[in-house]
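Below: a set of structures, written as structure tokens.
Below, chain A partners chain B and then partners chain C, in two separate complexes.
Up next is the complex of A and B:
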């Protein structure tokens, strides 16, 4: 269908699209509403991890028992999106395809090494989330491609995680900075949101490190990734500072859980 | 307390906590607002807005817009000016704002042309197709350029003809200052102070963001201009439109629906002059509905810069206060000149101070116009005086609470501007909040990342004076009543408390009293619903109209033959019922007319008076009918790593004279405090070169439920006013006055840094901590 109508646009939950329409900066001639297509709202879990359809809502990811068990970091990140009304409507496919630099779920999906299943008339391909966010408001999806699933590997047993979202003005505002940290085995994975024109990812090997050393190493690996966009929510300088604070908080918090485990 | 009579519970009367009569309807969305009303066939209007902050209009090209299918007409400011002449310029203090700009534009977003079309989408599309050629003029982006530069937003000042006290400003050229108020008492410069504190304060422009958006529908019927509009000022709008269209008042009708919030955003000249001009010009029904983004451009709260000092003499007495206040009123004066005087006169604060010198100026810039906003400019000067006195206390090694307490004005004291204090219990309010936040217990200030502190602040504001209120009461034979007033209920609950007042006087169930919503064909003149004036002014008129009904009923009863003792209720003796109750009223009216369903009508007026400011000193024996006194106490924690402030407890007290309905008073105090929290911490309009940067709800910051303090305590203080209805005064603004400085003072207590610029964002706090 995407290849048969003029200037089409996929309609997921519509929470982003409606705003763009209202702002008068969206020009699509036809909307293809995914809500009518069966089977896109399914979540399945196996030993390897989760597979979630694109029309699963953020709220669904937040509350689903399997998601909570298999990838609690993902569930936590989805819980931080906006408010229950938006979460009940926003789809996870739309959240990814929107490609906005400051959405909350992408940092978690980066840390978890999730993959996006993209489908078009040419077939289906698998795109690692770590290669998905190409540029400001731009993803690796081709114009006629649909997100048909998100695969999230299971968090290994004995891993620890933290998601920290910080809003600099009203507490319910969009994030000024967000970070997802997953410590699995010796590897520390860090996903950053709102701190550069795209969500960013970094990792390092923490073998033999103390918590302080891990914090220092984390701050070192994120430093070159920070490229914040100044806006009413904060200057470049402030956002850089915040990045350090929340990354330290997240790494320290996760490390503590490891120690306690 | 007398026993509760059976048929009418105390809940319904003065002092009762009756819920708003329309609370459920508002929450469930079944109360119809103006924008919800079906309007039938009409022309939908969209406006083309200026892209320039300051420019002469060279040409407006409308051909392309006119060619679009479904477009009825495109009108430019020049078209309207040709038709209506100088009457196109309106405003409550200065006649300076055109419904559409015609000679030049004065802010980015100013309406330049209007499109009438079959539907809104077409109208908007056509509005985009209008093309304007400008000759750019030097823009005046800020107060500094306005005061020191050579570019003028208006070529000459145009005070409204109706105000004698502004006449001397008529035609004045080469200035951006449209009004200056000066208060002088004693000689502050001669005072040799033991200690002086000084500050340069800034409170930014903000927006009201009522949930309901402004909407106006206007049409012509029987040669009359009729209008349904979201306004707090129906009587004012009627006069403005009569003047604009050169019609007698009887040929203009302004009606309202319940407003979904306003806070000053829907006052004076918003969409109404343009709607009236278009409806009249084309003799057809027009509908103007502001989008959220457009609403941000309609009016704002004044940004204000204040340079001020406070001096204590060697004996610790407050010997002098000075303040140089500049209100940024944007492109149009609106009510700015009034705000400038009323707020300037309280700039020294509610303290016993030997000498004062205040200069308060209202200044034009090329920004969206600023107008009334909950507090009428007073929160901005409170930010200054409550920060100063706090700092002075710290410098003198005094406890900020005790220091204020010692110097606060008491009953009977003469305030610095020359008016006596009555029913303004600052000490009671301050004590109440200090107790509520356990002032005496030192906070655990902490040594690590989280620091804690506590702060208090006091606020004073005068009620708008002089003003006029009228009420007409129609008593139905079945002892129900219909009250006609032009007070607009916008969620504050005025319809509910006015019914309580009538019910209390007549001893009937207040649910039997219907308040007719403002309709200038029916409801009598009332100055405005604003400035927290209605409970006192309209409340007095309502009380009087009910009293006169009571007298009337008793007189009728006296004329009527003796009734058998059928209703002699001995238990009534403890209550001063004037021998009335619902059954008795029904009998009296029935006996008088000999008919069921007959009506009796009474009317009453209440007008307050003042003595104008002395030309030399700015002082006045009676500058206001009464005072609002409020205080706020705060306990908070500052995260020194992120700069984020977490409010642990906020207590807000207001002296309301007497609470007609304590539940509604508490809600006003609470709501005002929440709004004040936003202003203290993050709420502001950000402009860059005259362009609004955050004028959408995606970016504009309002307090959310998660920004509320862990504990929020509203406290009612009652020191009855001699002339208030049952001793009552209003409360809409009292709670907001002192919020920002109380929070600033608590931050000072927590981290030792004094902030003088609002809002105190996390970034501002971190930056200050870093540069310490």
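Up next is the complex of A and C:
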């Protein structure tokens, strides 16, 4: 259907689309509603990890026991989306396809090395989330492609994580900086939100490092990724400074959990 | 236009709605539920909260056609002796009252999930509801009181 209508847009949970319509900044001629399609709301878990359908809600990811067990970093990030009522409706496929640089789940999905399953009449392909966000509000999805699943690898046992979000206006506003950190083995994975036109990812090997050395290494790997957009939530300088604070905060927190494990 | 049936507070309402009609407007204009209110229009304030089954929904962001056949609860459907409603009244949790139906419905959802919510769970569950009169302390007391009445220690 998406290949046959003009300028289509997938209608998932609709929570973002309705806001954009009201703001008069959404340009789509036809909405393709996923609500009636069966099988898009399922979460399955196996030894490798999770597979979640695009119409699983953010609240579903937050509260589902399997998600909390297999990928607690993902569950934590989804808990930070909007408020519980919006999370009841907002879909995880739509959240990804929206491609906004400030959304909460992308940093976690980047750190976790999740993949997006994208389907069109040409077939299904698998896109690493780390290659999914290509430019400001733009994803690697083709116009006729639909997110048909998100796959999240299981967090290794003995791993530690943190999701931290700073908001400079009100608590429920878009963040001015957000970060997801996953320390698995000796590899430190960092997903950044709101600090560049797209969510960004970096990692480094922390073998033999102390916590301070890991913080220093983290600040070094994120430095070239920072390209904040100045807005009412802060200037470029402010957001660059916050990036250092939030990354230190998250890395130190996760490191402490690792030591205590 | 689409013909849909909304079961509002137990009563079926057969209505004709456009593809883009919002649940908020249909409930207010066609089902007469004026306790469902527009505040921010973007899901942040909670004045338009309804329960679909047991689940809270921002009706200002919801397409009405998606709720064909759904069981919808608004504040009109709650008795004045309802444990949450009576707790809000007894605790003086309303000043102007515009936001209160949303708070009451969110509280019902919270208590269905956590019969004895901690103060942190109350804060987290109500974080998407705004009271411009600022009766938050009374609202928090009302939620705890409702929990106590519903499931006494």
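We take it that the second predicted complex is superposed on the first by the 261 of 261 C-alpha atoms of A that agree within 3 Å, B and C clash if a C-alpha of one lies under 4 Å from a C-alpha of the other, contacts with A are read in each partner's own complex, and residues count from 1 in each chain.
In this section, a residue touches a chain if its C-beta (ideal position, glycine included) is under 8 Å from a C-beta of that chain, and two chains touch if they have at least 3 such contacts.
As the structure is a prediction and not an experimental result, all values here were calculated from the model.
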| item | value |
| --- | --- |
| First, second, both or neither for A:35, with chain B first and chain C second | second |
| Which superposed partner A:14 touches (first chain B, second chain C, both, neither) | second |
| Touched partner set for A:245, first chain B, second chain C, both or neither | first |
| Touching partner for A:204 - first (chain B), second (chain C), both, neither | neither |
| Which superposed partner A:89 touches (first chain B, second chain C, both, neither) | second |
| Touching partner for A:235 - first (chain B), second (chain C), both, neither | first |
| Footprint overlap on chain A, where chain B in one structure and chain C in the other make contact | 19, 171-172 |
| Chain A-facing residues of chain B, complex | 641-642, 644, 678, 681-682, 686, 693-694, 696, 698-699, 701-707, 761-763, 766-767 |
| Chain B-touching residues of chain A, taken from the complex the two chains share | 19, 23, 166, 168-174, 231-232, 234-235, 238, 241-242, 245 |
| Chain C - residues contacting chain A, complex | 20, 22, 41-44, 46, 49, 55-58, 60-63, 66, 106, 109, 124-125, 127-129 |
| Touching residues (chain side chain A, partner chain C) in the complex | 11, 14-15, 18-19, 21-22, 33, 35, 82-86, 88-89, 171-172 |
